[in-house]
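Please find the structures below.
Next come two complexes built around subunit A: one with subunit B, the other with subunit C.
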Partner chain A sequence: MSNSHSDTIPLRPSNSQSDIDEIRSLIDDSVHSGPAVVLPARHPATTPPPSSSPFISSNIPPPPPVSSSSSLQKLQSVPAAPPPPPPVGNSSSIVANGFGPPPNTLTEPVLDTVKRDLWRIVSNLKLVVFPNPFREDPGKALRDWDLWGPFFFIVFLGVALSWSASVKKSQVFAVAFALLAAGAVILTLNVLLLGGHIIFFQSLSLLGYCLFPLDVGALICMLKDNVVAKVIIVCLALAWSSWAAYPFMSSAVNPNRKALALYPVLLMYLSVGFLIIAID
Partner chain B sequence: MDLSQPVEENYANPKTCFFHVLFKASALAFYMLSTLFADSFVIIFVITVVLAALDFWVVKNVSGRILVGLRWWNEINEQGESIWRFECLDHESLARINQKDSWLFWWTLYLNAVAWTIFGIFSLVRLEVDYLLVVGVCLSLAIANIIGFTKCRKDAKNKIQAFASRTIASRFSSTLQSAFSLV
Partner chain C sequence: MQNFPPNSGSGRGYQTLEAPAESFEQQPPNNWKGVFNISSYTQYFNVDTDVVINRLISSFHPTAGDFFNKIEANPDLYGLIWITTTLVFMLSCFGNFATYLMQKHTDGTTTWSFDVGYVNVAASGIYGYAIVVPMAFYFLLQYLGSNASLIRFWCMWGYSLSIFVPTAFLLLIPVELLRWIIILITGTASSCFVALNLRSYIEGGNDLTIIVIAAFLLQMALSIFIKVWFFP
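Moving on to the complex of A and B:
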């Protein structure tokens, strides 16, 4: 068994345990004796660790929980409410390399997922709506789109409008929700049909996030009843929304067609603004 | 070998199963019994859609991971293209998934979609456009999850097959190598 192992290894029927023993004895011998050990041809590169897992004897590294990518442009999927795409930031870059650490997103605790999604909403909001001099190319921002934020904003706007209405509350809500949801879809289709380069869900997400200023405006209008004040507040909110949406929309299309892409967006926000003013 | 008493598996993750079913069932129940609870459409809409969205999130992020070991999401890469990514547990862990868990997972997913479709047909027949909106949103959430997880499962199967064939091929070649090296 432990004679000179330096040149030939006797032929044996192989099973994993015998392989492991062989390796172990080889290692022991090499530690004791010193001359280069000729490992059998079966185990070229990776020497399996001397543990007793039954799956060692293959040369393939343990199967990483790798994502394969299948690209689909349009998937029959979520309209007004969100698939929160979870691993973002560091883990997406790990996954993108193909062989990363074990499934940290598959086995993470639930609280981590919640925190990560909430953080994504906040960061998207900051990116889209607030002035940010360090913002990278607008076409590339909002790359980790999510629809939770837009969902919440649309519902909030509908509820605020419906609350301010003294009659036909449910109709107001339904109209506001349907208008915003359908409007976002149609505006996205508009950009796509104009030959623009934007991802469907990214655009939905963007249009939803740009509703945030109008949400704030609607909230304030809910509290104050003066018509003139409402007009001023709504105009400010409208300007803010349009300012937020402008860079994304305009960078997505051909410069000749910028106005064609932007005008419907402005129109939609204008109509929402009128809805806010007119509700009493 | 005593096969007269097959081993009865219990649910391996009863809490997760419970939550998986809870939000779906409460969304459906609330929608059905809505007239008893509230006469305002807005409240019905908001609560039903919020429950459906919560259910979507729970299925996608929690019960999909824990009950069947699958996860899917969408990313946009550097070139601005959208990529759908699928993640699954490795082969040994997948083989150890509790059968009851996964049965419950898939069946409640399908039944949920069927139930919302039936509600949709009812409200279509009664020409209640408002309620059609609610049903539409809930149905699309359910379908999104079904499509995502089905694709993920297919992807996982492909990966396992690829891995298995790679293992067999490498074993085969290593056996050949060793056979030839000793000739």
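Moving on to the complex of A and C:
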């Protein structure tokens, strides 16, 4: 099955523009060479092998000799012209190469999976919390969202608060976790209900990543016990978190409703900040 | 500005034309697409920032009595949800702080302790009141044959709680008499807001005055509960 196309046109990673160009060139050739020559797109006898590139030009039967060289040349030049699309995903171990399905991540070593997820968390963190102020579109913060990072940050904050509480530790953890998790969901729903356009899980992911400064603040407050220092540190962490979340949230809604979408975010971070200061 | 889903834009327009003509508010909303589809709820959040601020400011005038006219065409649930949430946060935070200040005022040696149970009590109390009481009035008025609209009741009761947010600030002052004066004044203001608006809305004659009085008393009870539990 695979050797039916190995001798004609080499496979290449397909994108729709190259396919359109190819079809256009075929049509041009058939128009130029006259009505007698019609190039079928696919040979009826051979079934195309299953692969990730649906347009397989190899199944075209050899065209009549008059236009064959020119059309073959055109076909061969077309695959060379468009560059292959960049590999999807952060890690080099997953590359969409068109030769069969992408490598199965279920069978790779666990260390590879962990490393890849950790690397994704770090890169998302850099994107969200240390953003480049001159980037072209501040609203597109996380294309490659994940929920591990937010999970770690929420649990860490709950554990830090619970550690520094002297009484009712489990209740403190429960309140912190519920506040953050439910808060992220409710904030996303708020934007959607106000008519904004965001992707649900992307927004959850982003709100979770914006908790990182508060995590740092909670860690420092756990170690130092002075109230004034705590207030200052928490205020700084709060300002940083809000600054990180602001461009994403404000670009998702109609400008008339920006304040309506941002106020709940501020409220949630303020309540978490107050919990950090108040728990001792 | 895009209109996707397209219903939300055109549905709003048609609805505003129909609203003065309808004699009862019981017909289902125009854009209901099912319980689990979020675009069926966007019609209740179709407000801009200035509209919300306008409604908030009007909730501070207890004697105006025209709140239902203001929200006739476009009742919103945004105010209900976020005012109650802000109030829960304020009560739990400032309640703890005020308890500490009061104890320090009388005792002088107490240390700061954060009682996280305040959050639970605040959440169940405020959310429970804001959701159950308008529902109860809606069903009662439906039963008695008067006009009623659940969404508008929720909207009005939600905005009526907004006066308690600055009250929570003021109740930090650790002087007992001053606290009682403050809570009684604001409780009366909020209850008058609820009662007068309710009275101007329902058309039933004199035998429904008892309902208006009940609303007034419930709101006063809530304000006293706030004072007694969170700012003792």
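Here is the rule we go by: the second predicted complex is superposed on the first by the 167 of 280 C-alpha atoms of A that agree within 3 Å, B and C clash if a C-alpha of one lies under 4 Å from a C-alpha of the other, contacts with A are read in each partner's own complex, and residues count from 1 in each chain.
Methods note: a residue touches a chain if its C-beta (ideal position, glycine included) is under 8 Å from a C-beta of that chain, and two chains touch if they have at least 3 such contacts.
These figures come from a predicted structure and were not determined experimentally.
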item: First (subunit B), second (subunit C), both or neither touched by A:271; value: second
item: Touching partner for A:189 - first (subunit B), second (subunit C), both, neither; value: second
item: Which partner reaches more residues of subunit A (counting touched residues only), subunit B or subunit C; value: B
item: Partner chain in contact with A:257 - subunit B first, subunit C second, else both or neither; value: second
item: Contact residues of subunit A, present in both the subunit B and the subunit C interface; value: 197
item: Touch list for subunit A against partner subunit C, complex; value: 165-168, 171-172, 175, 189-190, 192-195, 197, 254, 256-260, 263-264, 267, 270-271, 274, 278-280
item: List of subunit B residues in touch with subunit A within their complex; value: 40-42, 45-46, 49-50, 52-53, 56-57, 60-62, 65, 69, 71, 73-77, 80-92, 129-130, 133, 136-137, 140-141, 143-144, 147-148, 151, 155, 158-159, 163, 166-167, 170-171, 174-175, 177-178, 181-182
item: Contacting residues of subunit A [partner subunit B, same complex]; value: 11, 14, 40-42, 55, 58-60, 62-73, 75-88, 92, 95-96, 103, 105-107, 110, 113, 117, 139-140, 143-145, 148, 151, 155, 158-159, 162, 169-170, 173-174, 177-178, 197, 199-202
item: Subunit A-facing residues of subunit C, complex; value: 1, 4, 8, 38, 41-42, 44-50, 52, 78, 81-82, 85-86, 89, 93, 96, 112-117, 119-120
